[in-house]
Amino acid sequence: MDVSLVEHLLLNIEETVSIVLFGIGFTILLLHRNLIKKIMGMNIMDTATYLFLASKGYITGRAVPIVVDGIQDVSAYINPVPSGLVLTGIVVSVSTTALMLALTIRLYERYHSLDLDEILILAKEEEQT
Amino acid sequence: MSFVQNFPFFSIILAMFSGIVSSVLSGKKARNLSLAMIVVTTALSAGTLAFCLKTGQSYTYMMGHFPAPWGNEIRAGVLEGVTAVLFGVVMFLSVAGGMTHTAEDVEDGKLNLFYIMIDLMLSSLLALVYTNDLFTAYVFVEINTIAGCGLIMIRQKGRSMSAAIRYMIMSQLGSGLFLIGLSLLYDVTGHLLMSPAKESVELLVASGSYRLPLLVIMAVVSVGLAIKSGLYPFHYWIPDTYGYATPTGSAVLSGLVSKGYIFLLIKIFYRVIGYENLVGAQMINVLYLFGVAGMVMGSVHAIQETDTRRMIAYSSVAQIGYIYMGIGLGTTAGMVAAVFHIFAHSATKALLFISAVGLYEVSGDRKDFVSLRGAAYRNPLAGIGFAVGALSMVGFPMLSGFISKLLFATSAFDSPTKMLPTLFVLAVSTTLNAIYFLRLVITLYSRRREGDKPLPPNPVKKSSRGLKFAIVCFIGLNLVLGMASQPIVQAITDGLAMFE
Amino acid sequence: MSRKKDNYETSRWRKFKSWVDGETDPLDHGMEAHEAIPPREDIYDSPAHEKAVKEELSRIYGEDRKAVLRARGIRYFQRFYKVMSVVLCLGIIMVLLWTVASLPITGNASNPDNNEVAARYIEKGLQETGAVNIVTGMILDYRAFDTFGESCVLFIGSCCVLVLLRLDGDSKNESIRKMIAESDDRHFEPKNDIILQKCACVLVPIIMIFGVYIVLNGHLSPGGGFSGGAVLGSGLILYLNAFGYGKMGKMFTEKLYKRITLCALTFYCLAKSYSFFTGANHLESKIPLGTPGAILSSGLILPLNICVGLVVACTMYAFYTLFRKGGM
Amino acid sequence: MRLFECILLLSLIVCAMSVAFTKDLLTSIIIFMSYSLIMCIIWMILQSPDLAITEAAVGAGVTSILFFLTLKKIRAIRKEDGSEQEEG
């Protein structure tokens, strides 16, 4: 059936929203100079990718992939693979966030600034003196 | 299922296990464990290589009780064996070469944490080389990124921490794009393992459906891994990262980490998208253009640098441009040249960084040209090592750089449209390389002038045994890659043939 | 003779020779502004802060007219740089949205990814792994190598935070930072806050029981090592906040943290290597799967869940203490 | 249920945009916490409770605690060196 572009986007509402969130996270990560904002942007970007991945496995009208009183028929449950992958992904983004926050604290202790470009300029000057 | 076939699995698990165990050991014990583990892992990889050469084809190894599309699997072949052996050798020599400086730079309470990162980086590199599953590749790409960031920031100086956070931000951009590419591929093909994914990609290409998503997958995955390996327009984090890490850290980061991502990209090109579909798409030319731009602009930036470590870092931007230009040529000869240049560059770059350490030691730990003048007379072995590395980079016969430039030139003849630009850019980039590398060699071997700033009066430090051993072995490795290159090139061609 | 001498100083050869000796940089003037500001052609780095750039330029050049001209040029280049980045991001979003428009529609059963891979997980998942929760069965048995890499990501993340924030107090500047961290901690934490302590007395046991329930029932109900460990970790954090480091130190010290992480990860590594080795060499693994639905069922999955739960709980608690005071 | 999901997805975008445009760090962290909470509910609607509990405990719980701690640490350092320059 030939579905127009916008209608198709509305049918895949989860993927569209996750791509828009990916774009917002990507822009925050690129354009904001404050380090904590950048880390939040990175988190938004990661969760958006996981939303994109997990909405692939969703099948309307099917239940959670936990075997309930012996029913093991494929048409009863959704696809378990994406939720397994996203479970791994969430813990990856937690450890990356913790690492970057620790770096932010150490950089603020030394340069008293959260602005990445100011830190780079101060670091360059500090090395020249 | 002969016992030798377990070796790739053993090497990955052993590297990870020694990383976990050295969390409770003291600094020195952790270092010895790490060195011993790297030796054993290289021996295991050599065993795998021998087995694959004997049988002449690659084999897949089921991780767990369930066959391919359900459980994970790793796949070992001739090309994976050669890469694993070379990565092990370069890692061992870099760790041995930078031992004393690591002990000075890192507080002794945290020295074992440094060796945890070295172990886990080796295990993630081996996993990237051997894996046959895309999401496992993503998890080990993340381990590689965090370990690399740890290697940069372990000096805890202002400059290295700001370099580390910039490296993390750029790598997270790359990982985000790579993960979006993975999810698109999973959605369109339904498989995450490379071989079944390839069959469904073949079906899709044949039936002509989902043409746009396949193109976007190729673009996003290539751009994501190009950002992580520092290809030209995304190279901005490289000079600070390689310039301000510990000597071992910068040797490992420049020699091995970016090569792991490029190897993964080649594997995805061959095993998931299929080489003929790739050549058909326009993505190859985009990589070619980025590579060519990197070759020229990397050297131009290197000429303007006054700090020698940043200059070497910019030269590795140019060399990564070479590799992507080789991939972008679109011919199998071009791919063979690119893979050989991965080996040649990791050996030469690690030699340059390690021997540069020997030169800085004797010139008052200052890195600019004036204070380095005559350093080669004060530390002759480091001087020779740097000269050999510089000549190999410029393409002096008998050294590895010459062979890779030769391979690039001959492979350029196969693709008629790209022949002229390739040869022209090869010539320009080699002359630019010659300018800034030979300039530094001339400075090293020219006498000190009376007008120069006096060196700090600290006694001329004798470079440690590990540093001397590492420089000699790296020179040997370069000579082996240079002179005995025929068997290696043959192994690469066979490996690429059985790569599908 | 003299004419040749004095134009030698300004001659190109003299400049080249001094450049080879490393004294002067031929492109010195042109590149100076270039050095201070990230170069233009790199589109992926965030643009310089307006204020910092102006202040930086004025300080380096003073009122030199050429510098003012270049400063204005730099500002245009900065604004162009910012616009270029936004355009690039919008371009990426448009391309991805266009791709989403041609992807299969979410939710219908005939999507390409509901193929035989997912079918086998659902149909034979219970028999082969013994886990009622198919997702946990898939994570800890079918695709166990990913989850093994996963716990190593968490382990190396905690190592990096240890490198950055742990204060051993031995080297000189380290001990100064340790004193500052100590004084910060005492100054900001309300000690012996009765309300918090009373709430903690009620809440902490419930949180701990809930966390243990999630870890132990990982293969029966949703949850498992990661989420259960995080709940346990937050319980420990609440207890630390209510009763302070003294009481917590009696129960949970740095040495205990290292030992737990080592034992849990070693057991995880050995158990998984055993199952990989037996699987690859087609040996029969002698681990009973037990009756589905019972707690002690599904072979290795329960002990693995416990190990992952312990590692995650200790790591989350270690993150909190390292961020707050740089030590347990 | 579909309408409820669309409302939640819309509020996700609103949260992400407001994180981008708020000036004060503390409010953006709190908005980021609510972003994780909404994401957690969406996982429930997409029939994957494993993700919901992990996102709640690991994502919303620990990440937000770490963000608050970083902010407290930075405010402590700024108050201690008394610089009155208001950091954005």
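For clarity, chains are labelled A, B, C and D in written order, and residue numbers in each chain start from 1.
As a working rule, a residue touches a chain if its C-beta (ideal position, glycine included) is under 8 Å from a C-beta of that chain, and two chains touch if they have at least 3 such contacts.
Predicted model only: the values in this text are computed from it and were never measured.
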One chain's C-alpha mean falls closest to the whole-protein C-alpha mean, and that chain is C
Quick note, more Cb pairs in contact for A-B or C-D? It is A-B
By Cα centroid distance, the chain farthest from subunit D is B
Rounded to the nearest Å, the gap separating the Cα centres of subunit B and subunit D is 37
Between the Cα centroids of subunit A and subunit B the separation in whole angstrom comes to 28
So, in whole Å, the Cα centroid of subunit C is separated from that of subunit D by 16
Rounded to the nearest Å, the gap separating the Cα centres of subunit A and subunit D is 12
Note: subunit D residues in touch with at least two other chains are 48-50, 54, 58, 62, 66, 69-70, 73
The positions of subunit C in contact with two or more other chains are 38, 44, 96, 102-103, 111, 113-114, 117, 121, 133, 135, 143, 146, 150, 153, 156-157, 160, 164, 222, 224, 226, 312, 319, 323
Residues of subunit A that touch two or more other chains sit at 13-14, 20, 22, 25-27, 30, 32, 38, 55-58, 62, 64, 81-83, 85, 87-88, 90-92, 94-96, 98-99, 101, 103-106, 109, 116, 120
Listed by label, touching pairs are A-B, A-C, A-D, B-C, C-D
In the complex, the residues of subunit C that touch subunit A are 36, 38, 44, 46-49, 52-53, 56, 82, 85-86, 89-90, 92-93, 96-97, 100-103, 105-109, 111, 113-114, 117-119, 121-123, 125-126, 132-135, 138-139, 143, 146-147, 150, 153-154, 156-158, 160-161, 164-165, 177, 221-222, 224, 226, 292, 312, 319, 322-323
Interface with subunit C, subunit B side, in the complex: residues 1, 5-6, 9, 13, 16-17, 19-21, 23-24, 61-66, 69-72, 107-110, 113-114, 116-117, 120, 123-124, 127, 133, 135-136, 139-140, 142-143, 146-147, 149-150, 153-154, 156, 166, 170, 173, 180, 184, 186-191, 200, 210, 212-213, 216, 219, 227, 233-236, 297, 304, 306, 368-370, 372-373, 439, 442-443, 446
Subunit C partner, complex, touching residues on subunit D are 48-50, 52-54, 56-58, 61-62, 65-66, 69-70, 72-73, 76, 80
Listed in rising order, the residues of subunit A that touch subunit C in the complex are 3, 5, 8-9, 11-16, 19-20, 22-23, 26-27, 30-33, 38, 55-60, 62, 64-67, 72-77, 79-85, 87-88, 90-92, 94-96, 98-99, 101-103, 105-106, 109, 115-118, 120-121, 124
Residue set of subunit A touching subunit B in the complex reads 22, 25-26, 29-30, 35, 38, 42, 45-46, 49, 52-53, 56, 81-82, 85, 88-89, 92, 95-96, 99-100, 103-104, 106-107, 110-111, 116, 119-120, 122-123, 126-127
